Structure formats: structure tokens, C-alpha cells
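In the two assemblies presented below, chain A is common to both, partnered first by chain B and then by chain C.
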Partner chain A sequence: MTALEAGLLGQTLLLVVAIAAALLTPTSWRSRVSGFFCTLLAVAGVVTGAIALSGGTGSLSIPTALPMDPLVLSPDRLGGLVMVVVSVVGVLASLFGIGSARVASASRTSWLSMAVFLSGMQLVPAATDVVSFLLFLEIMTLGSTALLLAHHATRGTVASALVWYSAMSQLSFFFVLAGFAMLAGLAGGTGFADLATIDPFTWQASVAFLLLLLGFGGKAELVPLHVWVPRVLPEAPGHVAAAMSGAMVNIGVYGALLVVVRLLPNGPAWWGVLIMVLGGVSALYGILQASVASNLKVLLAYSTTENMGLVFLGLGASVLLRADNAAAAADAALVAALLLMLSHSAFKSTLFLGAGAVARAAGEMNLDRLGGLGSRMPWTAAAFGGAAMGAAALPVTSGFVAEWMLLQALIHGSRVDGEVVSVAASVAMPLAVAVIALTAGLALLTFVKAYGIAFLARPRSRKAALADEVPVIMRIPLVVGALLVVGLGLLPGPLAVAIGSAVGPAFTPDVRTIGLAGLDARGIDAVLDPTTFIVLAGLLLAPVLITLFISARRHPTRTSPLPWAGGGSRLRPRMQYTATSYAEPLVRVFDDVLRPTRDVEVTHVGESRYLVERVHVEQTVSDVVETRLYRPVLNLMQRFGILARRAQNGSIHRYLSYSFVALLSVLIVVSL
Partner chain B sequence: MFTTIYPQLIGLCTGTLLLTSALMVWRHSLLASIRLLSVQGFALAALVAVIGLEEGEVEVILVSLLVLLVKGMGLPWVLARETHATTRTDEAPRLNPTAALLTVALLTILSYVVASRVLAGDISISAHAAPIGLAMVLIGFLLLVTRRQAGSQLIGFLVLDNGIATVAFLTSGGVPLFLELGISLDVLLVVVILYVFAGRMRTKFGNTEIDQLRKLHD
Partner chain C sequence: MTGAAAIIIALVQLVLFVFLAPLLIGVIRQVRALLEGRAGSGIWQPWRDVRKLLAKNPVRAADSSWMLAAGPVTLLVSSLLLCALLPLVGTLPLPLIPSDLFVIVSIMLVGVVALALVGLDAGTAFGGMGSSRHMTVAALVEPTLLLAVYALSIPAGTSTLSLIVETRLLNPAVIISPVSLLAMVALAIAIMAETSRLPVDNPSTHLEVTMLHEAMVLEASGRDLVWLELGSWLKLAALLGLLSNLIVPWGIMTDFSVLGVIVGVGAVTVKILLLGVVLSVGEVFLAKARLFRVPELLAGSFALGLLAVTASYLVA
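After this line comes the complex of A and B, so read on.
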């Protein structure tokens, strides 16, 4: 038995133990025991993934009672990478869950589903054939669905969110199933090795590609299959939302990678353009919605759509450039997409855990009612701040490295030795750069808003003023997550080398480590070494800082009343920016896309037209995709349902008549 | 001697079956329908006995006795008991008698046409009479569709069942005793259940019009 086989076996055994723990332990101990075993399960995933990533081989075959080949689990390097990423998030989420899961989210069902969800997620990248891939994908989906059920008894919105989630996840599953079925039909087998022999330039392969792209796009929360995200994630407990948004979306990315790297590599150029369009639209739409959202979890949920959009943008660029024979830039774009996936997992899980901590402490997710949490919850604030920097792609975080690499690949991509590679690339690349630039700007605004409104300034409500820091067991994953965000940003070289080895042997990106864990992408002549930069900057800045410090000691600062407050300090919480007012300029600029509905209600004092007692402003931004694309379809189905009800009126005579007419018709047909 | 009158006996029995079915469509009184059903049960038993004598099988004759007991006497007795207890037995069907009898004629013609296609190769006398069974099935169905009272529905169901039995006896020359026993018990059970059900309906709503049953409740 090899190490990899032991790891896979360990995961399956730990799943059984975790399920048993969830079922058997009493309520008072359940979160601790189950959380511990879920953490162990995820740690087993990290170890197994790391072994697979470093080139370990071995396979675990699970015999089934069905008349088909046994399910064979054997992750390759790419699968190992994804397994490590989702398992690390799993570890953080499970640890956080030990502290945060209470009452409904600490029920038997919830912890059992958590274990099932985690193991499903960890084993999807290990699948070597279509059947086991789909099986684990569905196990993962079912586990997450059951997890979301936790609060259905206390909150009415959970049920409708869950219906959306089930419908959308099954829709994506259907697309994936149809796509794989088509490929399997072409190849005459269900193993990924068989599927890899298909010629991507046939029309059947293109249809399968389209179906798979839609399906995995749905799993990765891309527009237009994202509508469940802003409904479901706010309803989920913090650790569940972190696992779904930080890890589950990666399975969508892995699926897309499987298609364009493993099964149908070197596809036609229009595939790349299509993926880029899908990703670009998702990125822009996601960040626009996030920038105007005032619910913290909705903001984070839309930001996931944005980041996944950028990942797909990179993926599409790599397919397009490869079709245009610009292999070096294509490889760089691929590495960038994976870097972005990694960094997104780190910062998004931390952000969602932070949101969970805020929800626990303040009982409130509406940014307009938060504020001042920074002084009450210093650990959470620091971790959330670090992760928010990553999400805004500020330097020395992993988000910065990923977006920098993506921009480098796109800028250098459209030309090889000064020659334009193709018309499509020379149009698509500048557009993609513009999309990323706009996205990055809006992301900065969004996360300044998220952090600034929630953690800085003064509390805007009583609950926020009384918030307390969360217990240690919840702080650990928060801090670890934030350290990961910064750490991954400081080590871009080894990271890119690991990713480069993971996408092999099909593609071999020319990246290596330079300086202090810096990144040298030789294919596109780009070098980034943040650690060296920081050390050098520190050496240069040290004298200045020391001088400043000494002079500050000599001249103590005077506290003066705020100059703009007219000499008096009458600063009240209501004088601050709120999330809504901060985003107001954006709403005005992007009015045509967002289509907000505003409702201003003015109450006058007595008869006076000029004296106002109070003004009530309400603004809601609806999801355009939902109202324009899904509502009409749903209305049509509802109308059909009403028609069908006329045929099914509950009268026994009616049903008997149907059978009679059917029987007569059969007889008449027979006698003809 | 028996072989010469055999076709006539078959014709007589099946003729009685068809006639009673048609009369049931015509008559609206539930009691009259029950009597007709009893006659039909006797005719069916006679038909089975004739087939048994022709083939010389004791088992089939035993089956005929069973049919006589269950369909000729048992079921009509159960139904009559229920009907006596009710005050209102007359039926206001959804189809007037003339139209109903015309439909019966059409259904009979249809069943002959169908049988001529399906049993094209079979020239035996009993197979020749098989369309009657099919016609009875259709007439039973017609009764089910057009009658409002639960009792009349039950009659329709029993005619349908008699039709199926007729087809079975005529085309396969009798069914094994155990099979017939099982089917008869099944039908008896259904009738008893519906009988109880109709009783509950009457205590609940005051009548047994099944049109009132439109909504499902937990």
C-alpha cells in the first residue's frame, strides 16, 4: 500500500468515524467531538492531496453492487492540488464550527452533513472516471444542501433559498451529466483516460464542452447560474458559508480545468473566447452587485462570483492563447488562474469566517447597523482586514500576486516576438485587461466599504456596541486564514512552481523561484519578488521611521477638537457614512446595469412644507439576471401549472374518463 | 349430442351477459341493477360450466360453482344489503338512456372490430364469442364514467370485472381454480372496502355522490 492509498483509505474511514460521532455523541459534546473528527477528515485530505501533488501514486478501488466497473480513486497532481486547497478550507471551517455551531447548526444532521460534504468535496478531485466524479459531485451537493437546512425552522427565508439552491445545483449537475455522457458516447468508455483521446475539433466535442462549461460554471457560481448565491450564502452558518464559498466553488474550477487541461486540451480558439466572455461578465457583474450590497454576507457572496469570473477569464485566455500558438503566455495565464483560485480560497474562507464571527457577536449582517467592531473584536478585525486586503488585491497578499500574474499574461499575451498572434487575441486581451482593471478598482472600493463600515468608526446600533470577541477556538482559524492570505502572497515562487508541476505533463509552464521565494515567469519576462522588496523597503525606510519616532517622542501631539465640527465634538454615529451612502455614487454611475428601486418617504412636521420630521429612504438592488432571465421562465411554468390544474380538477369522473378515452383510443388504433 | 348444442349454449350465455350489461346501462334503479348483476353472475357461471363440460375438466366445473357462489349470489347479496339501508337509490346519470344505449351499441361494434383483428387466426367457437367479454369491459367502464352514486359505480366495476372474466374463460378455456379463487377474493375485498367507504360517505355527507370528493386532506 502506498502513502496515497493509505491517505485515501484514511479519508473514507474518517468519514465513517465522523458520521458515527455526529450520530452518537450527546448534544453537549457533539460540536467538539464531531468538529474534531471533521477537522481530522480534512487534515487527511490535506495530507493525501499533498502526497498526490508531490507525485505520489496509488489507487483505491471501491467495488459497487451496480453492474459497472468499480469506482477507482487515484488523484493526479492537479487533483492533489485542488484536494489540498479544499481540505485546508475544510480544516479552517471545521475548527471554526467547533466554536460557532450552536443549536440548529450543531444538530446531528448538520454535523453529519458537514462530514459528508467535506469528504465529497475532497474526493471529487480523486476521481478517475466519469461515474465516480459525478457520484462524489452529487454527494458534495447533497451534503451542502442538508447543511443549509440548519436554520429552516427559525427563518422563513431558508426554504425559498434552499429551493433555489437545489434547482440551480441540479441544473448544473444536469449540464455536467449531459456533457460527460456526450464525451463518454464519443470515446466509448467512461474513464478519463478514454475521454482524453477525443478530438476537440469535432462538433460533438464542442457541444459537450458547452454543456460542461455551463455546468461547471454553475458550480463555480458564474453568471447566469449564480442566482442562488446571494440567497443561500447569507442563510448559511458562517463555517458552512466559508466551506461553500471558499472550497466548493473550486470544484467548479477543477471541473473546467479537467475539461480544458486534461480531457480536451488544445481546443479551438472560440472556446477560449467563450470562457473569457463568461468570466469577464461574471467578474464585472459580481463586483458591481457586491459594491452596492449592504448585507455583509451578500457582499461576500457576490464577490465570489467576481473572483471566479476572473479565474475563468484567465482560463479562457490560456485556451485562446494556446490555440494561437502563444504557449508561454497561455501557460502563464493558466498559472495565474490557479493562483487566483488558491488566493480566493484563502481570503474568502477567512472573510466568511469573519462574517460568521460578526454574526455571532453582533447578531447582525446589515452593514448599515454595524460599525466600531474593530475595538471590540480586535482579532476578528485584524483577520478580516488582512483577508479584505487580499480580496482587494493589495500588495503583499496572495490576491495581488494572482492578479499581477494574470495581467502580465494578458498584456504580454497578444504578441509573440512583436508579432500579433491573432485578431481575436489582440481584441480580447486589452478588453480583458480593462475588465480586470475595473474589477480591481471596484473590489478595492467594496472591501474598503466592508471593512471600514463594519469595523471602524462608531457603532451604528446597540447590538454592534455590545459585541464581544469570539472564543479562542474560533479565532485560531481566522488568524490562520489571514496568515495564509499574506503568506501565499510572500511565497509566489514556490507556489507557482507547484502549480506548474500540477498542470503537467500536458503543459509545462516555465516558472521558477527567484530571490527570496520570488516568482520568475521566464516565458513572459516577468519577475515578482515581494519578500526581497519588503526587506529592501524596510532597510530604506528604517532610518526615516526611526527619525519620525524620535521626533514624535519629542513633540507630544495635542488633541484638538475636530476642525470641521465647528469647534465642538458632537460626532454622533448617525453622522457617519453608511454602507448605502458610501456606495451611492456607484449606484448612480451604474444605474442602467443595477436598476435600483428607491423609495423616499418624507414626514413633515404638522402642516409645514419646509420642516421635515423624518425622511425614510429605502433602496433595493435586485438581481437583473434573476428578474430578466429566470422570472419569465418561472412565470411561464406557473401559467402552465394553472392550465394543468384545469385538467386535474380532482373529480374521480374526470380521471375515469381519461382512462376510458385512453383505452378506447388504444382499441381503435389496434383495430385500424 | 352435446357438441351440437355447445355453440348454442355458448351463444345463449354470452347473449345473456351482453343483454344484462346493456339493461344495466338502461335502468337507473340501483335495486334493478343489482338483480341484473345477479343474473349476469348466473350466466357467467353457466358459461364456465358449459366450457367445463365441453372440455371435460372437473376443475373448470368447480370454478363455475365458485363463480356462481361469489358473482351470482355473494356480491349481489352484499350490495343489496347496503342498498336496502339507504333511502335514495335512484340514479341521475350524466348521460341520458338513449344516448347511453347508442354508446353501448357503438362500444359493442368496436369490440367486435378489435377482436376480429386481435383473434384473427382463432376460429374456435368460444373465441368467436370473446368480443362479448370486451364489450362488457367497455360497458362497465362506461357505467363507471357516467354514474354518480358510489353504489352504481360499484356495479360498473363489477361488470368490468365480469367482462374480464368472460374474456379469460372464452379465450383460454377456463382459468385454474387457484387463480380464480384469488381473483374472486380480491373482488370481494374491493366490494367490501367500497361498501364501508360508501357507508362512511353517507354518514358524513348524507349522500354518496362522488362528485363531491374533489379535495385531498391530510
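After this line comes the complex of A and C, so read on.
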């Protein structure tokens, strides 16, 4: 038995143990015991993934009673990488869950489905054939659905969110199933090795590609299949949302990678353009919605759509450039896409855990009623701040490194040796750069808003003023997550080298480590060494700090309750800017896309209409995709449902006549 | 050897710009005062302000956090990094950290974010308003800024700014090519917005409806205010220096020599001060645009940048 086989076996056994723990332990101990075994399960995933990533081989076959080949689990390097990422998020989420799970999220169902969900995610990248891939994909989806279902009793909105989630996740599953079925039909086998022999330049391959892109795009929360995200994630507790948004979306990315790297590499250029359009639209739409959202979890949920959009943008650029024979830039774009995925997992899981901590401490997710949490929850604030920097792609976090690599790949992509590679590339690349730049700018605003409104300034409600720091067991995953965000940013070289080996042997990105842990992308002639930056910034900081200390010794700080306050004397925290007012200029600038509805109601004082008693302002920003694309379809189905109800009036005579007609028609058809 | 030379150049640039930035602001204000028929306070006034503010006790709001202290320092360090990395006196890139376009923009954004958070920290309506407007403008400027420099980077085939400047120095025909002119206009507009100058922001206003930058620094005082002001001035000086070196690259040092350093220092000083005078004269004739007209201006500049990039691929 090889190490990899032992790891896979360990994962399976731990799943059984975790399920048993969830079922058998009493309520008072359940979170601790189940959380512990879920953590162990995730650690096993990290170990197995790391073995696969470092080149370990081996396979675990699960015999089935069905008349088909046994399910074979054998992750390759790429699968190993994805397994490591989702498992690390799993570790953080499980640890956090130990402290945060209460009532519904500490139920048997909840912990059981958590274990199933985690192991489903870990085993999808290990699949080597279509059937086991689909099986684990569905196990993962069902696990997450049941996980959410455990909360349906706490809030009324959970049920409707869950209907959306089930419908959308099964829709993407259908697309994936149809796409794989098409490929399997073409190849005459269900193993990925068989599928890889298909010529991507046939129309059947293109149809399968479209179906798979839609399916995996849905799993990765891309527009237009993202509608469930802003409904479901706010309803999920912090650790579940972290696992879904930080890890589950990676399975969508892995699926897309499987298609364009393993099964149908070197596809036509228009595939690349299509993926880029899908990614670009998702990135812009996601971040626009995130920037105007006032609910912290909705904001984070939309930001996931944005980041996955960027990942797909990189993936699409890589396909397009490869078709145009700009291999070096194509490989760099591929590495950038994976770096983005990695960094997104790190910061998004930390941010959702942070949101979970805030929800627990303040019982409030509406940014308009938060504020001043920084002084009351210093650990959470620091971790959230670090992760928010990653999400805003500020140096020197992992988000920055990933976005830098993507931009470098794009601007070096359109020309090889001074020659323009294609018209498509020379239009697509500048547009992609612009999209990324606008996305990055808006992401900056979004996360300044999220951090600044929630953690700085004064509390905007009583609950926020009374918030307390979360217990240590919840702080640990928060801090570890934030350290990962910064740490991965400091080690871009080794990371890119690992990714480069993971996407091989078909693709061989020319990246290596330079300096301490810097990244040298020789293929596109770009160098980045974050450590040197830190050193330089430190050197520049030194004289400033010396001046500061000299000045501070002679002239100490004074604190005043009201230094200037805009010239006024009113101290009320309600007069601060809120998240809604912060995003107001943006809503105006982009009102064509966001279509806000604003309702201002002024109540005048009885004696004079020049005096205002109170003003009530309400603003809602709708999801255009939902109102324009899904509503009409849903309305149509509803109308159909009403019609169908007329046929079913409960009368026994009518049903008997239906059966009679049915029997008659069957007989007629048979006799023909 | 080139490493050591690059470090010396970076040091020279730092010292020069810390000295020059307040002077540039003084010149801009003085020219404006003279054109408006006022006596003005002299070109050394910003320096006197720095000395005065450093010798005062900062007053902080009771509800403010460490951000009010750390934010200004962060802004200053990000501006200092710009001065060290941009090709201002010489084009020798520092080892391992070339003046890469995207890195430079990100460093600038660190300053932008620090300032925005300082604005939010005191918890007043003014600070929040300034911060919100500032971030909106910053978000819209970024695409323009990146596309403009992207267009300039195409002839050089690299995104390293010092190499771009060097290419323009060796091949001056590039400078007056239509693509380059389009990109320069786009870049100039983006830099005006980025450094809070007219017509995007009025640096000398204290009317609430017109404030962006000033609204955020209202609550800062003493040395907090010095760091914020100095950081903003340094950023303006460094970006004007970059702009002038892109338009008129002559005088910049490409190979290390003592004479080269002296010429480089002189050249960049003259260029920046001249550009400052031009800026000041231009601002006299400009009114601040309404906040919601700014996106239109930036969209126009974005269109220029995009035109420049695609044209340089498809036409050239």
C-alpha cells in the first residue's frame, strides 16, 4: 500500500467515524467531538492531497454492485492541489464550528452533513472517471443542502433560499451530467483517460464544452447561475458559509480545469473568448453588487462571484492564448488563475469566519447597524482586516500576487516577439485588463467599506456597542486564515512552482523562485519579490517612526471627545456615514446596471411644512439577472402550474376517466 | 554593481523628493496666488507648515482607533516607496523589485486605502463623505490609469516603467506618435484625479459639497496631519515627475555617473517645477466639476486609453 492509498483509506474511515460521532454523542459534547473528527477528516485530506501534489501515486478502488467498472480514486497532482486547498478550508471551518455551532448548527443532521460535505469535496478531485466524479459531486451538493436544511426552523427565509439552492445546484449538475454524457458517448468510455483522446475541434466536443462550462460555472457561482449565492450564504452559519464559499466553489474551478487542461486541452480560440466573457461579466457584476450591499454576508457572497469570475477570466485567457500559439503567456495565465483560486480560498474563508464571529458577537449582519467593533473584538478585526486586504488585492497579500500575475500574463499575451498574435487577442487582452482594473478598484471600495464601517468609527446600534470578542477556539482559525492570506503572498515563488508542476505534464509554465521566495515568471519576463518590498518599506518606515517618536516625546497626544466633528456639536453615532451612504455615489454612477429603487418619505411637523419631523429613506438594489432572466421563467412555470391545477380537482370520476384515456392511448400506440 | 548604483539613485530620489514636494506645493500655490492678484504666502510656506505641525500636540477623537495614527504613516510610506521606485532621477531598476507598473499602482492604492480608512475612523459624517467619494473616484480611475500606461508599455514590450522611459529616450519618435499622445492625455487626466487636483477635487476648498481629500483629513491634527499632507504632496510630486519624464525623457540618467546624478537631479527638479507651474496656471481657468460629472470625465479618459492600446496593436 502506498502513502496515497493509505491517505485515501484514512479519509474514508474518518468519514465513517465522523458520521458515527455525529450520531452517537450527546448534545452537550457533540460539537466538540464531531468538530474534532471533522477537523481530523480535513487534516487527512490535507495530507493525502499533499502526497498527491508531491507526485505520490496509488489508487483506491471501490467495488459497486452495479454492472460497471469499480469506482477508482487516484488523485493526480492537480487533484492533489485542489484537495489540499479545500481541506485546509475544511480544517479552518471545522475548528471554527467547534466554538460557533449552537442549537440548529450543533444538531446531529448538521454535523453529519458537515462530514459528508467535507469528504465529498475532498474526493471529487480524486475521481478518475466520470461516474465517480459525478457521484462525489452529488454527495458534496447533497451534504451542503442538508447542512443548510438543518437551519430551516430558525428563520423563515431559509426554506426559500434552500429551494433556490437545490434548483440551481441540480441545474448545474444536469449540465455537467449532460456534458460528460456527450463526451463519454464520443469516447466510448467513462474514464478520464478515454475522454482525453477526444478531438476538441468537433462540434460534439464544443457542445459538451458549452454544457460543462455552464455546469461548472454554476458550481463556481458565475453569472447567470449565481442567483442562489446572495440568498443562501447569508442564511448559512459562518463556518458553513466559509466552507461553501471558500472551498466548494473550487470544485467548480477544478471541473473547468479538468475540461480545459486534462480532457480537451488546446481547444479552439472561441472557447477561450467565451470563458473570458463569462468570467469578465461575472467579475464586474459580482463586485458591483458587492460594493452596494449592506449585509456583510451578501457582500462577501457577491464578492465570491467576482473572484471566481477573475479565475475564469484567467482560464479563458489561457485557452485563447494557447490557441494563438502564445504558450508562455497562456501558461502564466493558467498559473495566475490557480493562484487566484488559492488566495480566494484563504481570504474568503477567513472573511466568512470573521462575519460569523461578528454575527455571534453582535447578532447583526447589517453593516448600517455595526461599527466600532475594532476596539471590542481586536482579534477578529485584525484577522478580518488582513483577509480584506487580500480580497482588495493590496500588496503584499496573496490576492495581490495572483492579480499581478494575471495582469502580467494579459499584457504580455497579445504579442510574441513583437508580432500581434491575433485580432481577438489584441481586443480581448486590453478589455480584460480594464475589467480587472475596474474590478480591483471596486473591490477596494467594497472592502474599505466592509472593514471601515464595521470595525472603525462608533457603534451604530446597541448590539454593536455591547459586542464581545469570540472564544479562543474561534480565534485560532481566524488568525491562521489571516496568516495564510499574508503568508501565501510572501511566498509566490514556491507556490507558482508547485502550481506549475500540478498543471503538468501537458502544460509547463516557466516559473521559478527568485531571491528569498520571489516569483520569476521567465516566460513573460516578469519578476516580483514581496520580501524585498517588505524590507524596503521597513527601511522607509524607520526614519518616519524615528521622527514620530521624537515628536511624540515632546508633544504627546491629547484625546478629546469632539475634536472638530464637522463644526457641529452633535455627537450622535447615527450621524455617521453608513454602508448605504458610503456606496451611494457608486449606485448613482452605475444606476443603469443596478437599477435601485428609492423611496423617500418625509413627515412634516404639523404647524409648518418647512419643518421636518422625520425622513424615511428606503433603497433596494435588485439583482437584474434575477428579475430579468429568472422571474419571467418562474412566472411562466407558475402560470403552467395554475393551469395544471385545474386538471386536478380531486374528483374521483375525473381521475378514473384520465386512467381510461391513458389506457386507451397506450393500447392504440401498442397496436400501431 | 548596478544594484549598488540603483540603491544610490533610489536614495537620491528619496532625499530630493522629500525636499522638493513641499516646495512644489509652495510654487503651485504661489503661482496661483499671483495669478489671482494675491500676495501669496511664499514658496516655503508648506515647509513652515510641516515644522509647525510637528511641534503640536495631535488631538484625537475619543472614539478613534489606532487607524488614525497608523493610516497617515502608511500613506507616507507608500508615497516614499513611489519616490524610491519610479524612474525620476535615473532609470536603474532596483534588484528584484523593478518599477513594475502594476506594483506601482498597487502601492499607490495602499495609500488611497489608508487615507480612506482614516476618513472613516473618527466617525463623523464629513470623514465618511470624503472617504466614500474618494474611493468612488479611485475605483473609477484605476482602469484608466492601467490602460494608459499599458498603451505606453507596448512599444517598449515591458511593463517596467524605467524601461518604458528609456525606450522613449532612445527612440523619441515614439513620444509624438498618435498612440502615445492619446495615452498621455488619458494618463494626465487619471493623475489629476488620483492626486485630488482640479477638476476632480479642489485642493483649496473647505466647502462641504466640494470636498474630497480635505474632508478626510479634517479630524487629523499635529503630526497625523503632517504625514497625510506630506504623503499626498510626495505622491503628486512623484507622479508629476513620472509624467514629465514620459513626455520629456531627456536629462534622466541611464548609466551611473556622478555627473549623471547631478544632471538628473537638476533635470527632474526643473521639469517638476515647470509642470507644477503649468498645472497651477491651468487650474486657475478650471472650475471643479460636479462630483457626478467626474465619472464622465474618467470614462472619456478611459476611452482614450482603450483606443490607444487597441490602436497600437492593430494599426502599428
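Things worth noting here:
Convention: the second predicted complex is superposed on the first by the 640 of 672 C-alpha atoms of A that agree within 3 Å, B and C clash if a C-alpha of one lies under 4 Å from a C-alpha of the other, contacts with A are read in each partner's own complex, and residues count from 1 in each chain.
In this section, a contact is a pair of C-beta atoms (placed from the backbone, for glycine too) under 8 Å apart; a residue touches a chain by one contact, two chains touch by 3 or more.
Computed from a predicted structure; not experimentally measured.
Contacts of A:Tyr451 after superposition: chain C is touched, whereas chain B is not reached.
In the superposed pair of complexes, A:Thr350 makes contact with neither chain B nor chain C. Touch counts on chain A: comparing chain C and chain B, the chain ahead is C. In the superposed model, A:Gly650 lies in contact with chain B only, and not with chain C.
Applying the stated contact rule after C-alpha superposition, one finds that A:Asn307 touches neither chain B nor chain C. Look at A:Thr39: by the touch rule set out above, it reaches neither chain B nor chain C. When the shared chain is aligned, chain C comes close enough to touch A:Ile514, but chain B does not.
Across the superposed pair, chain B and chain C touch chain A at no common residue. The part of chain C that touches chain A in the complex is made up of residues 14, 54-63, 65, 67, 73, 76-77, 80-81, 84, 94-98, 100, 102-103, 106-107, 109-110, 112-113, 116-117, 120-129, 131-133, 135-136, 138-143, 145-147, 150, 153-154, 157-159, 208, 218-219, 221-223, 227, 291-292, 295, 302, 305-306, 309-310, 313-314. Chain contact summary for the complex, chain B toward chain A: residues 94, 110-111, 113-114, 116-118, 138, 141-142, 144-145, 148, 210-211, 213-216. By the touch criterion stated above, chain A contacts chain B in their complex at residues 649-653, 656-657, 659-660, 663-664, 667-668, 670-671. Those residues of chain A whose C-beta lies close enough to touch chain C in the complex are 291, 371-372, 374-375, 392-395, 400, 403-404, 407-408, 411, 414-415, 418, 420, 423, 426-427, 430-431, 433-434, 437-438, 440-442, 444-445, 448-449, 451-453, 456-458, 514-515, 518, 525-529, 532-533, 536-537, 540-541, 544-545, 547-548, 551-552, 554-566, 573, 575-577, 581-586, 588-589.
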